[in-house]
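In what follows, chain A forms one complex with chain B and a second complex with chain C.
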Partner chain A sequence: MEKVLGIAHVAILESFRRKDPYVVLILGLVIVSGAALFNQFGIEGLEKFVKDVALTVTNILCIAICVVAAARQLPVEINNRTLYPLLAKPVSRTTVFLGKYVGVGLMSSAVVLLFWVELLAIFLLFGISAGAIFFQALYLRILSMWLIAAIVVTLSLFLTHGANVTVSLLLCLAMSTFANTVLAVHSELEGAARRLAEAVYWVVPHLELFDLSKKVIHDWPSIPGVALAALTGYAVIYATIFLALGCWRFRRTAL
Partner chain B sequence: MIQERAPVIEIEGLHVTFKTPLGRHVTAVNGLDLSVRPGEVVGFIGPNGAGKTTTIKVLMGFIQPDRGKARLFGEAAGSLSARSRIGYLPEVALYYPFLTAREALRLYAKVAGIPRGQREQLISDLIEKVGLLGRDRERLSGFSKGMLQRVGIAQAIMGEPDLLILDEVTSGLDPVARHDVRAILRNFKTQGKTVFFSSHELTEVALLCDRIILLDDGSIVEENDLGQMLASAKCVVLRVRHDSRVGDLPDKVIARNLGSGVHLYTVDDWDLAQRVREHLEKQGAKILEVKEAPASLEDYFVRKLGHKTT
Partner chain C sequence: MRAKLFPLSLLPGFVLCGLLIEFHDARIKTTRTQFTAEELEAAKESIALSLMGQIQFTAHSLIWMKTLEYLHYGVALRTPTAAEERRGFRAREATDVASGLAHKCGVPVALSDEMDWRGPVGRLHRAVMPHMQIHRHSDPVELIPWYQLTLKLNPNLERLYTLSAFFMADFAGEPQEARSLLEAGVKTNPWTFEIRAALGRLLFDYHQQLGLAPTTAYEKAAEALREAIAYGKEEKARIEKAEGRFDAYQDQLFYESYLFLAKSLTELERYDNALAVCDEGYEITKHNLLNVQRRITTKRMSGE
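Let's look at the complex of A and B:
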């Protein structure tokens, strides 16, 4: 475990020393603060608008930073040959792969946490309420980062860096919206198209399940703990499947 | 159980092919057999594309051969137990540019499984040994190629491995650093450790190695003790004085400018020496001396593989 954490530590250091998270945090702060200023006009309902803008911006930026960081890890190491001295030590490729994954997961979680702190501060500053659901949304957002990191780190072993970033961002968008689209068009589909849509619906991880933004915006009460536990299990299962595939691929990759 | 004098490196019938982007198969290593005994310092030399780095990659487990076996300390090449006894310096490696030298070595110490309590002292010792004292808290992004190579050497010798596998060990190093590296390797040798290294710096190879393995087109061209190899390879040297160009000489002539208008021409045999002498005299050069001499490793290399582009 110490080896995994050692490699993860390097991945975290890289992201923060490249200053990617800071740039995104400052950008997020500017956008969210700009939106929050509207709340000062005293118009009823604007609070929801501010929350909507803030959570949407935060979600997009968090996904972007997670995808970019995860896509970079192994291809850059292979390209720069930094993997050689590392893999010359008695460390398995599985450990290196998991170290990279844990590094991206922890870095993305830290970014989400910083964003949420930033949001909470802005909400409190401008008198916008944030209940327990806000913190549940934080937990699920962090969980989704670990799932996305597993998918992107694995895809980085199958696709080029540029293709992986593009495909992963599109996948995140599709996985967030696909379920609603399938539900909407399901009754209209027939035959093979219907079966294909159903198959994809059950196979593709549903990122929309981890997005409680609407509930936060409309001040819903907190969701039951069992639902959170089920979603945690769901994320763990999917992440494990992707990581197993990634490890399998990485062990067979010629360096 | 591994016997005391069992080979440290054993390669049998190794074949490695690569597929080019155009789908063509290229043979990098072609039926290679070699063995390295404990305590030997073996130079692995050959022109570019001879298969040296590919062979080393197989030994490290970075690539799998199509056929053949590679074993280190009796274990499969690339296995964790084999790697726990190896120090490796890659041909070209960028060490994490966002880390300091000390942080990079700390990472390698962690993955090498060096106990937490011993790490910092070990890293400090290594930093001193490779001459990075005072620079160890600077980011590697600001390091020169030679400085990065020192970091590479430090990580390679970390934990005093039984076998050092070095790919172009002195590449990019200044003369002082080369001297330091030689001292480190000699120290390894005196401790009875095994060193297997590839290099284009033949002077370096001649200074350090007990045995030379000459590789070309993925196969061994020659394998011998350095002394025996060079004893069998006499050459003829012509010491000549001339101030202007002397026209085209045969490809097999190795020319060196000794300064003050004196040049040294090295050729394989007396027949060629005679032809070169006549050519030089026609050009107005003054022949100062013609004599038989032992070949240097570089002369030997050029004679054996001079037809190759290196």
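Let's look at the complex of A and C:
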């Protein structure tokens, strides 16, 4: 575990060296300016819109940063040949893989936290209330970061860097549309087509379930603890499957 | 040698392109004959056909969709499929809206408990997504800034002026703002009968809150409603010529134009004019309230 955390620490340091957190802060500032812009047009009472824009942009940026960071961890190490001195030390490939995963997970969680603090500041500035659901949304967003990191780090061992980023971003950002489409057309399908649609629905990761933005925007009450527990279980199981697959693949990869 | 001959392989492609151009050119010429030179010239200047206009229209459509989402507490709605309708999963009538705003709303994207084939995952989905069994609407007052923003992007959305003014006056208690909006709407859309009809009714209903003397208010209302009727007749004729008909909201605004003009003239003690308006209105719209108004005006005329 110590070795895993050591590698994770290096991964986080590298992210800071690449100035990722600063990018996050600048982008956050852009959100604030964008939201404040509407008051310049003389349109007041758009609190929900401010929440909507801020949360949508935050979610997209968090996902993008997580995907990009997770996708580059192993391919960059392999291409730069910096992986070899690391493996020359008494650390197994599994430790390196898990270390990279934990590093990305922690860094992405920190990014989400940073964004949420920024959102809270914006909401306070505009006098917008943020109830318990806001903090539940924060928890689920952090949870989804760990799930996304597991998927992307694993896919980076199967796909090229570009393909991995594209597929992962599609999985993360278009999953809601895909899932809703399956739900809408399901009743019209019959036989093999219906079974195929159901199989695809069950296999793909349902990242849309980790997004409480709409409930935050429209001031819905908090969701039951059972739902949070179920989603935590879902994320843990799904991430474990992907991590096991990734470890297996990484151990067998010829370097 | 093969490399030198390669350009020749492009020849069939060029020929095909030429044929396509010929085919489409003929179609464009045919289409052009359906329009006058003035109409084609106007189309060149049309905001809807410019790039910025397209962006503007797309933006207003997106915001319009957002207003629908906001009106339903963030619940995403869709049209049910034929199979779903057969199983009783139907769009429901909105019951908590004023007359003229009645509409059928779609079904929530997250399926109902009976329809859902996903068991606990379906319940989880309904727990995390905004979902409602009974169709409800949020406070329309919060939609006013959205409508204002949409009207900034597309100032020709006549229906939005009347809807927004209705919410401003009735729900938010801001008739002065509603009047300013409707007057701006008439200025931007001089051909409109809908906005004029709404303005006339607002002046009649809210003259006290607007700080207008009754006679002045009724005169102004009568003027707006007379124009509304004139433009409404033109609009009706144009739609019927294209084998269409007024929608329910237009029908309502049209008969209300006659009704409130008759009421205004009655208040101004121009009884003969009011009766003539009632007769003409009933003949055109067949709305019974105009007969009721006729009786009221007759009673007032005879001093009862």
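Methods note: the second predicted complex is superposed on the first by the 243 of 255 C-alpha atoms of A that agree within 3 Å, B and C clash if a C-alpha of one lies under 4 Å from a C-alpha of the other, contacts with A are read in each partner's own complex, and residues count from 1 in each chain.
Keep in mind that, in the parts below, a residue touches a chain if its C-beta (ideal position, glycine included) is under 8 Å from a C-beta of that chain, and two chains touch if they have at least 3 such contacts.
Just so you know, these numbers come straight off a predicted model, no measurement behind them.
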- Task: Consider chain A as the common anchor and indicate whether chain B and chain C clash or fit when overlaid.
- Result: fit
- Query: So, does A:Tyr84 touch the first partner chain B, the second partner chain C, both, or neither?
  - Reply: first
- Could you look at A:Leu212 and tell me whether it touches chain B, chain C, both or neither (first, second, both, neither)? second
- Query: More chain A residues touched by chain B or by chain C?
  - Reply: C
- Can A:Pro75 be said to touch chain B (first), chain C (second), both, or neither? neither
- Message: If we overlay the two complexes on their shared chain A, which of chain B and chain C does A:Lys3 touch? Say first, second, both or neither.
- Response: first
- Per-pair minimum CA distance [chain C against chain B, superposed on A] in Å: 25
- In the superposed arrangement, what residues of chain A touch both chain B and chain C? none
- Report the residues of chain C in contact with chain A in the complex, numbered from low to high. 66, 70, 73-74, 76, 78, 81-84, 87, 89, 109-111, 115, 117-118, 120-121, 124-125, 127-130, 138, 142, 144-146, 148-149, 152
- Note: in the complex, chain B contacts chain A through residues 57, 60-64, 80-81, 83-84, 86-90, 92-96, 98-99, 103, 107-108, 110-113, 152, 155-156
- Message: Applying the document's contact rule, which stretches of chain A touch chain C when the two form their complex?
- Response: 38, 41, 43-46, 48-49, 52, 140, 180, 183-188, 198, 201, 206, 209-212, 214-215, 217-218, 220, 223-224, 227, 230-231
- Touching chain B in the complex, chain A uses residues 2-3, 6-7, 9-10, 13-14, 17-18, 80-82, 84-92, 95, 254-255
